[in-house]
Each structure stands twice: as structure tokens, then as C-alpha cells.
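Down below are the structures I want you to see.
Okay, so chain A shows up in both of these, paired with chain B first and chain C after.
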Partner chain A sequence: MSGRAIVITSGKGGVGKTTATANLGLGLARHDRKVVLIDGDIGLRNLDIIMGLENRIVYHLVDVVRGRCQVRQALVKDKRFPHLALLPASQIDQKEAISPEQMRELAAQLKEDFDFVLIDCPAGIEQGFRNAVAGADEAIVITTPDVSPVRDADRVIGLLQNSLGDPQLIINRMSTQMVQRGDMLDQQDVLDILAVNLLGIVPEDEEVVVAGNRGSPVVLNEKSQSGQAYGRIVRRILGEDVPIPELNGHGGIFHRLGKLFSRR
Partner chain B sequence: MVQRGGVDLFSIKGLKSGPTFLFDDQAPFPAVITAVEEELSRANGFFRDSPVILHFGDRHLNKEEWWTLKEMLHREGLVPRYAVAAAAASRELLYKEGLPVREHLQLSAQESKKAQVTAAGGSTALYLRRGLRSGQKEVFGGEVVLVGDVNQGAEILAGGDIIVVGTLRGVVHAGYPDNADAVVIALNLTPLQLRIGPFIARADEEQNHRGSPRPELARVKDERIVVEPYQGKL
Partner chain C sequence: MAWGTFVQRLLGNKGSAGLAKDRLQVVVMYDRLGLSPEQMAALRKDIMETISRHVAIDSERVKIDFLPTPAEVTITAPVRRGRTRGEEPKQQAG
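On to the complex of A and B.
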């Protein structure tokens, strides 16, 4: 078997990479795919918490790379799906504890056993980012519809285009009210700037926060808006043609930005 | 700028024949080298890949000095086109080192006064068939034509005009460093900041104008940058 290794990245921190990794992982597992999630955020691990698996960790990514254990010893099996596993990050090491080359080898090894290898990328564009990207064949870039995360996403897309080609985009925490008030970029603003393929839009939803705290990601909750959005994204990743509901307002914040000089 | 008794140890002139590097011929060579390094770091890659003329004046250059300079130029991506040296010994050395040499460079009275850098290579243009994303930068001595968007966080520095067939959101500097005749044209001109020659304009956050984008042209008029609809001519 040779699975697909996908890195979930953003540039900016706190936009929802870890949440997305957990939800996509569970969503794919629910479609009976064999999935492994790699927590690439060495030193700041939290994918285990969102997944509700923190009490099962014995070994971690750095242990594997250093040869202190076998890969399968470090894999934490999910409590809901036996064919879903987590490879946790180390909480004590630095990003430099592993190299891009080691990450590439590890991902290649995991792709032999899994349909999907999802890599949760740390924020930034330094070593941690390079490691996470080195293991991947494809990338999903996630951003919120705000000016500064979009600019960071743009930077990351530029970097990814040199190695993995065009990534797919998820816009997270879209709030219809804010867009309508003109306080946020709308979908079209974001796509105009980033000019990549849209994989899906996840609405702002406090259930995401609750679910994260409970260790039970929203995709498991069929009733939540955000859970359904993740469900649709998963089906798109699997190649289904699922329409994206529009969340456009009447022109976003660019009404007020970038208008300049004395025009005659 | 490093000086010796009011004279620049190193200066760059944009002449008809191309960018010309003028080295002071009296000061100790290491001091000149330092001045060159300083000036080139200020130019921020502007002259990269341009063929340059090296003007040594009356200096008696030795081989070691030449190699130091040559290595530095190489690091900066500069390609010497030919050298001008009044001292026969220097000419012979440079000739043996494989560089074409001349005895004189005709400077017009006006040219020798103005230390202005005009577009390297005159009317050459850089054509980019792609946009620029945040963190990406293009530096070119001549005109720049780009098909795509220039996003926030991206930069273009051009000796001449900048034409963006797309949306311009990033920071561009046309007519770098001091050519106020340069213009910027974009299908949708919404930069946060725009520079032409020595002038800077910032986005006015009060103005509220979106509507459908139309091609616009920015140029310097009466010592300030103004934006006007582009109507098919300059």
C-alpha cells in the first residue's frame, strides 16, 4: 500500500491546524480508511488532547526517530476506531530534534501501512515547518478570514509551491454575521488573494472549543454545523464532488483597506 | 557613505553605457572595499546580474586587491563588463586576468556631477508570468511587467516603470532610487504603500472606494504621487 501523506499547515498559530487534523483524521477513519496522525508540533504537543488520547502515550515521535522504540510501539490507537492511530509529539524536545530527512523516511514507512498520513504542522516557517512539509506529498493550508492569517497563509503557499505544488485551502471560523457587517474578509476576498483551490469552509462554532476540551472532535457530532462542514471536507478529500455552501457577505473588510492617495 | 576628504570612496553612476562603479584611486584599497560592501548592501541586490563597468581611475591595482574585489562582486552576483584604468600597470593586470580594459571613460560634465543611478541596462524589462506572494521579492534595474497579483507582504523594486496585469496589494518602488518619471500601472491598484523615485504614498484608510476595479496609473505630479484612471497612454 502507498498512502497519501498530507500536511496541515498555516503559517500563523491558533487558526485551527490541530483541530482540523483531528477532525479530518476521524472523518477519514469513519469512511473506513486506515489513518495515522503525526503531531509535528514538537515541544508544544496537543493533538493528543484534542483526540482525547493523552493518557495513552508511552513513546513519541522523537523516540522513534532516535531509535529508542519501534514505530508501532509509539502509535497510540484511537479509542473509537481501531484503524486510526496517533503518533504523538514529544513535549520536551525542540523542533531541531529531528531533521526533514528523518521525517521523510518516517512518513514513507507509515505510508506502507496507512491510507492517510496526516501531519499536524507547527506554526511558523522555520525548522518545524520544514520537517512537517518534508514528510508530505500534499498540503492543506488553513486560514481564518482575517487579514493577518491570510497574509501568512499566502507566504506559506509561496513556499509550498516550490516543493509540493499548489495546496488546497480550508477557511476556518467563518462568521456570516461578521462578514455581513464588513468586519471580516469574505470567501471571495480570501480566494482572490490566495488563488488556490478551496477545499472547504468551516463556520465559527463554539462546539469546536467544547469538543476540543472533551477530546471528542466535532466531526463525530452530526448535528453541529462545523462537524458537518468537516464531514463534507473529508468526502472531498476522498474525491467526491460535494458542493461548498456559500458564506459570502456583501463585500468584506477590503472596503476599508488599501484605498489610497489623492485620486483625480 | 564613506568619504576621504569629501570624496566618496565608492560611488555608482548610472550612465548611458550602464551602471558604472567608481572606485576612489587614492585611499587604501581595504577602505574602498568596505565602502563598496556598504553601498552594495544598501542597494539590496539591485544590481544583481547586471553587467557593470569598473572604473579604477589612476589606481595601481595589484593582483591580490583585484581578487578580493572580484570575489566580492561575484558574491553579489555582479558581472564586470569591462574596466577603465588610467594606470598602464593596472590595465595590464586586468587584461591578463581576462577582463576587457579601456583607458578612458567619457563622462559628460553633467554625468560626472550627478551620482544618479538610472535603470540598469536602459530600456530592458523583466517579464514575470506569475504573481508574487507574501515574502517574495523581485528586484530589477529596468522596467518590470508582471502578469498576476502582487500580494500584501510581497515587494517589487524596479529602476523603471512597474506594470502589474492583476491586483497590486504589496509594496512597490518604481524608479528606484530617484527617478521620479517612473510610473506604476495596475489593473487594480490597491497597495498599502507605493513609492516612485524619492516619493512615498500611503493608503488613505479613510477613503472608501471599492466598486469594480479599473486600471489605474500612479505617477509623480507636483512633488507628490497621484493616482489617475489609466486611459491607454502615459
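On to the complex of A and C.
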């Protein structure tokens, strides 16, 4: 087997990379794909918490790279899907504890056993970023519709184009109300600037926080808007042609006009 | 621009999104070029000098635009009439 290794990256921190990695991983696993998630954020491990797997960690990425254990010993099996696994980050090492070359070898090895290798990239564009990207064949860039994250996304897209080619874009934390008020960049504004292919839009949703508290990512919650958005993104990754819907689901022009006038 | 945004702007509610986009376009353009504002000014001066060496241009009206997407540089330099390369400007008689 030769799976797809995808890095989830952003430049800017706190825009939703780890959340996206967890949700895409679970979503792909739900479609019966064999998936492994690599927490590339050495020193600031997070993905285990979001996935609800923090109590099962024995070994981590740096242990594997240093030969202190076998890869399969370090893989934490998901509670919900037996064919989904997490390779946790070390909490005590530095980004420099591994090299891009080692990451490349590790990803190549994992691709033999898994359909998807998703790599959660740390913030920044230094060594941790280079390591995470080195293991990947494709990239997903995530941004929120704010000035600084879009600027950083542009920088990262430029860097990625030199190695992996054009990445796909996820716009996270979009708020329909703010867009309609004219106080948030909308999807077209973001695409005008970044000029890459849009993979999906995830709305601002309190359920993401609840999901984080529970260790049960939103994609598992069919009722949540953000969970549904991640579900659609997963299908697009699998090659399905799923249209990107209006954010509020009932946002026809007349509806919006009606809302506008009733507000005045 | 979404319809909602468009309608808002028609109604005169500007919001901050337009400003955000304008600022982003400028900042992203400089990021992509990897040039500081000082380097940009130097580039502008060099371009004007180079063109003026061959063609008489109206230096007041030279425009150098860096367009972000797709990235391109356009230079607009109005050429003055009545003078070709290598010739001295002729005085109009009368």
C-alpha cells in the first residue's frame, strides 16, 4: 500500500490545525480508511488531548526516531476506530530532536500500512514546520478570515509551492453574522488574496470547544454545523464532488434582505 | 464579495472587512516581493532613470503597480510627444 501523507499547516498559531487534524482523521476513519495522525508539534503536544487519547501514551515520535521503540509500539490506537492511530509528540524534547530526513523516512514507512498519514504541523516556519512538511506529499493550509492569519497563510503557501506544489485551503471560524455585517472577510475575499483551491469552510462553532473538553471531535457530532462541515471536507479529500454550501444553510438573498430590513 | 456584504455596502454600512482586504493586499504584495518600502522606492527610481535614458517620459505621471493575484508588475510611463530617442527636445518656434 502507498498512502497519502498530508500536512495540515498555517503559519499562524491557534487557527485550528490540531482541531482540523483530529476531525479529518476521524472523518476519514469513519469512511473505513486506515489513518495515522502524527503530532508534529514536539514540545507542545496537543493532538492526544483533542482526540481523548492522552491516557494511553507510552512512547512518542522522538522515541521512534531515536530507535528507543518500534513504530507500532508508539502508535496509540483510537477507542472508536481500530484502524485509526495516533503517533504522539514528545512533550519534553525540542523541535530539533528530529530532522526532515527522519520525518521523511517515518512517513514513508507509515504510508506502507495506512491509507492516510496526517501530520499536525506546529506554528511558525522554522524547523518544526520543515520537519512536518518533509514527511508530506500534499498540504492543507488552514486560516481564519482575519488579517494576520491570512498574511501568514500567504507566506506559508509561498514556501509550500516550492516543495509540495499548490496546497488546498480550509477557512476556519467563519461567522455568517460578521460577514453580513461587513466586519469579516468572506470566502471570496480570502481567495482573491491567497489564490489557491478552497477545500472547505468551517463555521465558528461553540461545539468545537465542547468537543475539545470531551476529547470527542465535532465530526462525530452529526448535529453540529462544524461537524457537518468537516464531514464534507473529508468527502472532498476522498475525491467526491461535494459543493461548498452557503454558511448559514438558508442564506438566500431574499432571506438576507428580509433580515436586513427587519433589523433597521 | 458576498451578496449580504454587497447589500450592506449599498446601504452605506462599510464595516471593517473592506479595510482588512485592502491592507492585506498591500502587505501580502510586499511579503511576496520580499522588498522593504525603501527598496521599493529605490526600484522605482532605477526604473524611471532607465526609461528616461531612452525615451522622454513624463516622470510626474509614471506609475508602477504591483498587482497581487496573479502577481505582476505593470509600469505605466506616459511618453512625451515631439521627441524621439537620441534627439534633443526641439523648441517650438513662435
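In this text, the second predicted complex is superposed on the first by the 245 of 264 C-alpha atoms of A that agree within 3 Å, B and C clash if a C-alpha of one lies under 4 Å from a C-alpha of the other, contacts with A are read in each partner's own complex, and residues count from 1 in each chain.
Rule of thumb we're sticking to: contacts are C-beta pairs under 8 Å (C-beta built on N, C-alpha and C of every residue); 3 or more make two chains touch, one makes a residue touch a chain.
What you are looking at is a predicted structure, and each value in this text was computed from that prediction instead of being measured.
With both structures placed on the common chain, the touch criterion links A:189 to chain C but leaves chain B unconnected.
Of the two partner chains placed by superposition, only chain C is touched by A:179; chain B is not.
In the superposition on chain A, A:154 makes contact with both chain B and chain C.
By the touch criterion defined above, A:244 reaches neither chain B nor chain C.
Shared interface residues of chain A (contacting chain B in one complex, chain C in the other): 147, 151, 154-155, 158, 192-193, 195, 251, 256-257, 260.
Against chain B, in their complex, chain A makes its touches with residues 147, 151-152, 154-155, 157-159, 161, 192-193, 195, 251, 254-264.
Here chain A touches chain C in the complex through residues 146-147, 150-151, 154-155, 158, 179-189, 192-195, 251, 253, 256-257, 260, going by the rule given at the top. For chain C in complex with chain A, the residues that touch the partner chain are 1-5, 7-9, 11, 13-18, 20-21, 23-25, 27-28, 31-32, 68-70. Contacts from chain B toward chain A in the complex involve residues 131, 133-136, 149, 151-153, 167, 169, 189-192, 194, 201-205, 207-210, 218, 224-228.
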